[in-house]
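All chains are identified by letter, namely A, B and C, in their written order; residue positions are counted from 1 within each chain.
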Amino acid sequence: MGTEKKNEMMVSRRTVLKVGAAAAGTAAFLAACGTSGSSTSPSPKPSQSDTISDVVNVANWTLYIDLSEDELARPTVTAFETEYSTKVNYVEAINDNDSFFGTIQAPLKAGEDAGWDIATLTDWMAARIIRLGWAEKLKTAHMSNFTANLLDVYKGRSFDPSVEYLAPWAGIVGGIAANKTTAGFVKGFKDLFDPRLKGKVSLLTEMRDTIGLAMLANGDDPAKADRASFDRAIALIEPSVTDGTVRAFTGNDYKELIVKGDVAACVAWRGDVVQIGYEDANIVWVTPTEGCTFSSDNMLIPLGAAHKYTAEKWMDWYYKPEIAAQLTAYVQYVSPVKGTKEEIAKIDESLASDPFIFPDAALEAQLNVFAGLSEEDEIYMNDAFSALQGN
Amino acid sequence: MLRWLGRNALRAYTGLALVYLLLPIFIVALFSFNDPVGKTNYTWVGFTLDHWANLFAIPGLLDSVIVSIRIAFISTLIATTLGTLAALALVRYQFRGRPGTSLFIFLPLATPEIILGASLLTLFVAIGRPPFFPLNEFTILIAHITFNISYVIVTVRARLSGFDRRLEEASADLGADGWQTFWRVTFPLILPGIAAAGLLAFSLSIDDFVITNFTAGRTTTFPMFVWGSARVGVPPQVNAIGTIFFVVAVSAVAIGSFLQRRRA
Amino acid sequence: MIAFLRRRPGLLPLLLLAPAIAWLVAFYVYPAIQMLQASLWSGTLETGFAFSWANAATYPEALDRYSDQFLRSILYAAVSTVVCLALAFPLAYTIAYRAGRFRTLLLFIVIAPFFTSFLLRVLAWKTVLGDDGFLLGPLKSIGLLPEEFRILATPIAVIFGISYNFFPFMVLPIYVSLEKIDRRLVEAAKDLYAGPARAFQRITLPLALPGVFAGSLLVFIPAMGDFVNAELLGSVQTRLIGNVIQSRFLVNNDYPTAAALSFMLMAGILAAVFIYARVLGTDELETGIG
């Protein structure tokens, strides 16, 4: 096992250098990381709790991290490990918010460590966890990049008004993915129910994306979502679920279905579709004519996490513009970090002007955030949406 | 004529049935040698040994295999011990409540895995403190021992029922005490049955997904790793591990039956 | 200790049984009681749960809401059992009577699937049966099948998956009962009834019934609780009660409903087993006399 680990590290270090060479701006920095890790000790250790732990357990979604060319290493993660002489147990454990919540709620409720130092969750789920008192307050004093570089739009959000709990990971634009054949006629949400697509469509289990797009298609505003507009959205989708047009409700796993050809068009997240495109150029993004949904995923530290300090350092790491640029250039989601645009231009000029990474006014007008829900409304909607999926 | 047709139809059918049984195993092995473009390993692209050479390059895979083997080993050891003792009692002794006990032992086998898993989850949540909670490798172990005990009892008992009691009586006549008789006569005779039960328990444990899914918490066993990676595309290395498991199991069974045949 | 047991031999079997029974009481019976209690909870995870007998209403509510999934589970499990039986009997018959020196090898191939991971087997079928996969892809390109034809995400795929995964459970018990039959009986029957078909009907088939009975239970029970095949090979229209229990427990954290559904499923299975035993048991008796 010892040799195994060593090999793994050697591979990653090589890939870090390779990526570094590709991205001229970060090359010097990464090369420096490559040598600094073993020789210099990390930042001073004021107290027992403020020390870097041997390991930090990070839960994230799939397709949410930069990969090396051979897809075996995660350059920005490896660079963090080298910088802080720690090991990141980075697990793509989150397929959708609800099922992940299902795995952590029991320990958190019991006041136990849920096993994760970082969980990356969508706004409404992050809000629920804060409401339940299950998130650690961040000690921003040693998070200088975060305090300096968090974009202003993420400050003062209703569920975390003074930025005490959440560090946004990425902004997510929800819309449609199609293959080149179906992209010809799939222009909006309603086109997913075209008879030509019978049995070839998947929707997201993420209620706010699927229902949000349905509301837009109905001419309703997701920002003002209420039971009436929700019921109209369900009524739009339900016949196509019953007649088998909709094949599945998925989390990130629509990737597998659409690449394999079992699904021909689906509700999808924009960054995923770009990444799927690296693998299969046949898959393309479609901006629905009626507009897109917008939300963000946020890093938070679950209450009682064993390695809080290292987790804070992890959050802070992704607020270094050059790291954020490296991540964003790969995953292509909206970056919440100031200065990313300038850094990303050094990697790929065209990305700096991509509105889906740095939304311009024209795209911003198309993005729709789902309303915050009262607990009763949330239960009502979750229940009906769950029934729609056969649960 | 009719008979000839009947016989050959049966033969052809048997051939088809065997293909049906073996096809998925073949596919699993085949795709461990595939060289897919991205993460999605579905269509045959080209032959490569890369994934076998870098068997554990996928982060977390090796750990999950180690966890699975460890749990399978310990749960087999405990379940086989408890189960064998119980099987001895059920076959060798007449006592009040024996039919009821047999029925009780059959119950876990008649319970769908999902219910076993769900009820254990309810128990662990209700206890709500270590070592049962938060869920971990220990809770998986408890779950595996629970479903394995009944399998072991049933298997060992089936082997024991053909046991010739006169051999023990002969041993006693020759002056051996109960303890000596057990270790010198009884145990060697029932050992193949115990070994079969142990093998069954091990293979059930190492392959269990449903019950583990309920009792695992953050611990990742090999089947849980497969389930997780199925969302984004199962890497060829996972197929390779599956193939290794298959070859090892086949070898174990082959060696076992060879030894038994030699003894007989 | 040994001397003590020699004085009271009646204690020995109890002592041997005690550890296993204690284990099953602690981790099988007790959790079941816990679950019974959880099915009578009300509330949500956020507000906390409270126990009351009045919450027994959860049972009829859950049964009503999930009647489709319940019926589907029964239907799929029954069809899978029949499919397995139809496929397994000829195979078991061949292995028992026609295989000669290949018997061990054939038996081994029957259990071979158990030596690879269950999930990998299901995923392998998903690959094979894909809309544009090995099987359908070529048939579609030569025009034998229409472009929109599919197997995955249909009831056929789920029943196929269940049948495949539990097939060996049907073959083995039937093989064991066939193998036990004294062939002289069949020979005598052939003389008596004049013809192999009648002999098969009057002797072989009835004597194989215990194996059929055991095999059917071994397929039907796990099929009733399946959710993996339905999840990986099925669609929204093929959700089974297992999928509902799994997601109510692990996704929605709706413990009361999930626990109530589990209890009803268990009761349903026990009832089915009991009825099946009664019906088949009396049948067997009659053929035995006749």
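In the analysis below, a residue touches a chain if its C-beta (ideal position, glycine included) is under 8 Å from a C-beta of that chain, and two chains touch if they have at least 3 such contacts.
Small disclaimer: the values here were computed from a predicted structure and weren't measured.
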{"item": "Chain-level touch network, classified as line, ring, star, complete or other", "value": "complete"}
{"item": "Contact-richer chain pair (by C-beta pairs counted) among B-C and A-C", "value": "B-C"}
{"item": "Chain centre separation (subunit A, subunit C; CA means) in Å", "value": "40"}
{"item": "Centre-of-Cα separation between subunit C and subunit B, whole angstrom", "value": "17"}
{"item": "Sites on subunit A at which at least two other chains make contact", "value": "103, 260"}
{"item": "For subunit C, residues that touch 2 or more chains besides their own", "value": "130, 249-250"}
{"item": "Shared interface positions of subunit B, touching two or more other chains", "value": "42, 230"}
{"item": "Subunit C residues within the subunit B interface of the complex", "value": "2, 6, 10, 12-14, 16-17, 19-21, 23-24, 27-28, 30-32, 34-35, 38, 87, 90-91, 93-94, 98, 104, 106, 108-110, 112-121, 123-125, 127-128, 130, 133, 164, 167-168, 196, 217, 221-222, 224-228, 232, 242, 245-246, 249-250, 255, 258-259, 262, 265-266, 269-270, 273"}
{"item": "Subunit C partner contacts - residues on subunit A that touch it in the complex", "value": "98-99, 101-103, 105, 109, 128, 132, 198-200, 241-242, 244, 246-249, 260-262, 375, 379, 382, 386-387, 389-391"}
{"item": "Complex contact set, residues of subunit B against subunit C", "value": "3, 7, 10-11, 13-14, 17-18, 20-25, 27-28, 31, 42, 81-83, 85-86, 88-90, 92-93, 95, 101, 104-105, 107-108, 110-116, 118-123, 126, 142-143, 145-146, 149-150, 153, 177-179, 203, 207, 209-210, 213-214, 222-223, 226-227, 230, 234, 238-239, 242-243, 245-246, 249-250, 253, 257"}
{"item": "Complex contact set, residues of subunit C against subunit A", "value": "44-46, 65, 69, 130-132, 148, 150, 152-153, 235-237, 239, 243-244, 247-253"}
{"item": "Residue ranges of subunit A touching subunit B (in the complex, touch as defined)", "value": "1, 4, 8, 11, 57, 62-63, 71-72, 90-93, 95, 103, 106-107, 110, 112-116, 251-253, 255-256, 259-260, 278-280"}
